[in-house]
Amino acid sequence: MRDLFRGKLVRITAEEPETYAKSEIHWQRDSEFVRLADSDPIQLSSAKKIKEWAEKRFEKGLKPDRYSFTVRTLDEDKLIGFFGLRIDLMHNEALVGIGIGERDFWGKGYGTDMMKLCLQYVFSELCVERVSLGLHEYNARALRSYEKCGFRLEGRTRKDILREGKRYDSLWMGILREEWLQMQNGDPI
Amino acid sequence: MKDVFTGKLVRLSAFDPEEMSKAFTRWNLNSEYGRLLNSAAHRMQSAKAVAKWMEKEAEERSPASYFFSIRTLAEDKLIGEIGLDVVNWPGRDAFVGLGIGEPEYWSKGYGTDVMNVLLRFAFTEINLRRVTLTVFEYNPRAIRSYEKAGFRQEGHLRNYLNREGRRWNELYMGILREEWMELNNYAQNAVLYEASPIGDGG
Amino acid sequence: MFDIQTQLFEGQDIRFGPIDHEKDPGIESKWTHDSEFMRLMEVDPARPLSAAMLKKQYEKLEKEVEEDKNLYHFMIRSKADDRLIGKAAVQWIEWTNGNGFLRLGIGAAEDRGKGYGTQALQMLLRFAFAELNLFRVSAIVPEYNEGALALSKKFGFMQEVCRRRSLERDGRRWDLFVFGLLSDEWRNQL
Amino acid sequence: MKDVFTGKLVRLSAVDPEEMSKAFTRWNRDSEYTRLLMMSAQPLSSAKAIQKWMEKEIEGVSPTNFFFTIRALDENKLLGGLGLNVISWAARESFIAIFIGEREYWGKGCGTDAMNIVLRYAFTELNLQRVSLGVFEYNPRAIRSYEKVGFQHEGRMRKYLNHEGKRWDLLYMGILREEWLQVQNGDKT
């Protein structure tokens, strides 16, 4: 049986609230990262608040339609990012959000490896029929990475983000199960 | 498009703990009903306690279970309850539990009709791939009704129950979506909605 | 035949013990980061768990044990150094019918294939039949779990139910079996 | 006046939930011990859960429940415990349960000594009229110890317990205040 939680450069983990809070504080301070990952206005939360938020997240136990993971590098076991899934159980579709908080790991293939690991998990373990995601127009690096993983541009909401006095489009991408299967070029998923 | 919740004799309606707890307590006075439905011995609970239990269940329920009350089309009479509990989302398999509380509606096709409505909801609305149920060896009427609705026997737990000083098997039955579609010659490509042309501004 | 003096919770290399709320969460958290363990142990989707999440799960579990009275849960520990090896349980017990469902899991990959599973199942069956006086026990085993299939056959379990194509993993649909063992079938094997 | 709580080999002392719950987890793993003590199979609860139960049940000063630990006189070692439950102050009737968890102290007279202490406490301090107890048919050592202290056989519930595929009787024994006084004054050798 393949190891679902290990890619080529990174592995999926579940972190203790304190560990996660320490990293999240550090990532939040990087406003460029937050503006790439999120459309909400940037704000800085205290470690205490983040830790409480992390603890409370599992208060009601694990839901079948919500998944959130952290990611560590395989070589130095460094906590570099996260990804979250929201599953539409009726229509068997997953909305994914992924981010690398550690900026010196940008542009080195870690994001693509993370997304491939996420797609393998979603298609072979959660068995959904399609995966969707959204990104800002100005996040060119993410766009290239997602295309490498097989996502196709499916639409754009014109000028819905206002930042630095300029309006940007939001792009919407998706990948279907069959498309992902073909990309596995024959090796069993 | 026909209403998903309506069958030939009955319809699925909202499960209201207030109303259902009173019905439950009344139906369970008939111990035959309780023994057909539950493997555990029946505790005589007040409607108030049952309502509290139902509300707690509804609150804790993950987005994976669906409970309905069953009402006749003729006089809109409450005659039973049916529940669908998805046990495995990746495999899209769920357990169904059906109870017709009013005995005068037994063996008149109401059970089979409501099961058909439930299966249509399961396979075409929440897109499950399989539905499973358990039924006791001493309930041949239900076994026949489930077989009519398309369920196939998939084995039994030997001597699972102990009632009236005798051991009884508990049967497992299951139906796959493709089997249900074939049985009801449900054209897979039937157009549910006329796709309205979306102005693409081009 | 066994007697009162023979220990229920002491095996040859392993022993059954209670939860250690301080040490066990950290160890089980490591297990859950191995997807193979999670896929063998659970029908639900595999996901890694942090020690904090497991601590909450243990508290909920012990509350259930106390309140529902239909669950007996054991931590499997090595007799040599008391380290945590796995978990075993008899759950969903119906006292009026005398039946219950077994669960058994060996955590770390290097602990599997050493006979711990066999010893644990031996102890669990004796506890279920000789102490809880159950009439029969059942075990739910996915088609792809060869280890559990072999163990069930070794102890004389009979495959009673096959839920066709009930699971899906790695793009394939798998059957889900339910195995059963009656108390006299167990006794005759001794 | 000699200390009421001290005997020849052991003494009774207060229950410290933290210490006692750790001892319980150790003793409960000895299934011969639990089968001699308890009617039905007990779950292996954690020290934390037992401590919580003890703090709720034992620490509060209840008018009807008297819990003690049994400690060896020589090195003060925690050997076991006992609980005297006053069923009815009006009838001055009570129920005693006694247990020695440390196996190497079985058959050395510690149980008998502890029983003597608690009977003296029951009859001279609490001025009770009767003390009753239940013991299992397959526990001859305890039966002899209770007989030595003056308990009379008062009946048995046939086939009450079910262990190892066999049914066993539950025996009832009881001692009256005057009977205990006689034993103490050496009338009955």
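A, B, C and D are the chain letters, set down in written order, and residue numbers restart from 1 in every chain.
Simple rule for what comes next: a contact is a pair of C-beta atoms (placed from the backbone, for glycine too) under 8 Å apart; a residue touches a chain by one contact, two chains touch by 3 or more.
All figures in this text were calculated on a predicted structure; none of them were measured in a lab.
Q: Give me the ID of the chain with the smallest distance between its Cα centroid and the all-protein Cα centroid.
A: Of the chains present, the most centrally placed is C.
Q: With centres defined as the mean C-alpha position, give me the chain B-chain C separation in Å.
A: Chain centres of chain B and chain C, defined by C-alpha means, are spaced 31 Å apart.
Q: Express in whole angstrom the distance between the two chain centres, defined as the mean CA positions of chain B and chain D.
A: The answer is 53 Å.
Q: Express in whole angstrom the distance between the two chain centres, defined as the mean CA positions of chain A and chain C.
A: Chain A and chain C have C-alpha centres separated by 35 Å.
Q: In whole angstrom, what separates the CA-based centres of chain A and chain B?
A: 38
Q: Could you say which residues in chain D touch two or more other chains, in rising order?
A: Residues of chain D never touch two or more of the other chains.
Q: Counting only residues that touch at least 2 other chains, which ones in chain B make the list?
A: Residues 89-92 of chain B touch two or more partner chains.
Q: Which parts of chain C, given as residue numbers and ranges, touch two or more other chains?
A: 44-45, 168-169 - these are the residues of chain C that touch more than one other chain.
Q: Which pairs of chains touch each other?
A: Pairwise, the chains that meet the contact rule are A-B, A-C, B-C, C-D.
Q: Using the touch definition up top, name the residues of chain D that touch chain C in the complex.
A: 25, 28-32, 35-36, 41, 43-49, 138, 162-165
Q: Write out the stretch or stretches of chain C touching chain D in their complex.
A: 1-10, 15-21, 58, 62, 65-66, 71-75, 127, 129-133, 183, 187
Q: Mind pulling up the chain A residues that touch chain C in the complex?
A: Against chain C, the touching part of chain A is residues 1-5, 11-17, 55, 58-59, 61-62, 64, 67, 69, 123-127, 181, 188-189.
Q: Which of the residues in chain C end up touching chain B in this complex?
A: Where chain C meets chain B, its residues are 43-45, 94, 96-99, 135-136, 138, 158-169, 173-174, 176, 178, 180, 182.
Q: Which residues of chain B touch chain A in the complex?
A: Residues 62-64, 86, 89-92, 125-127.
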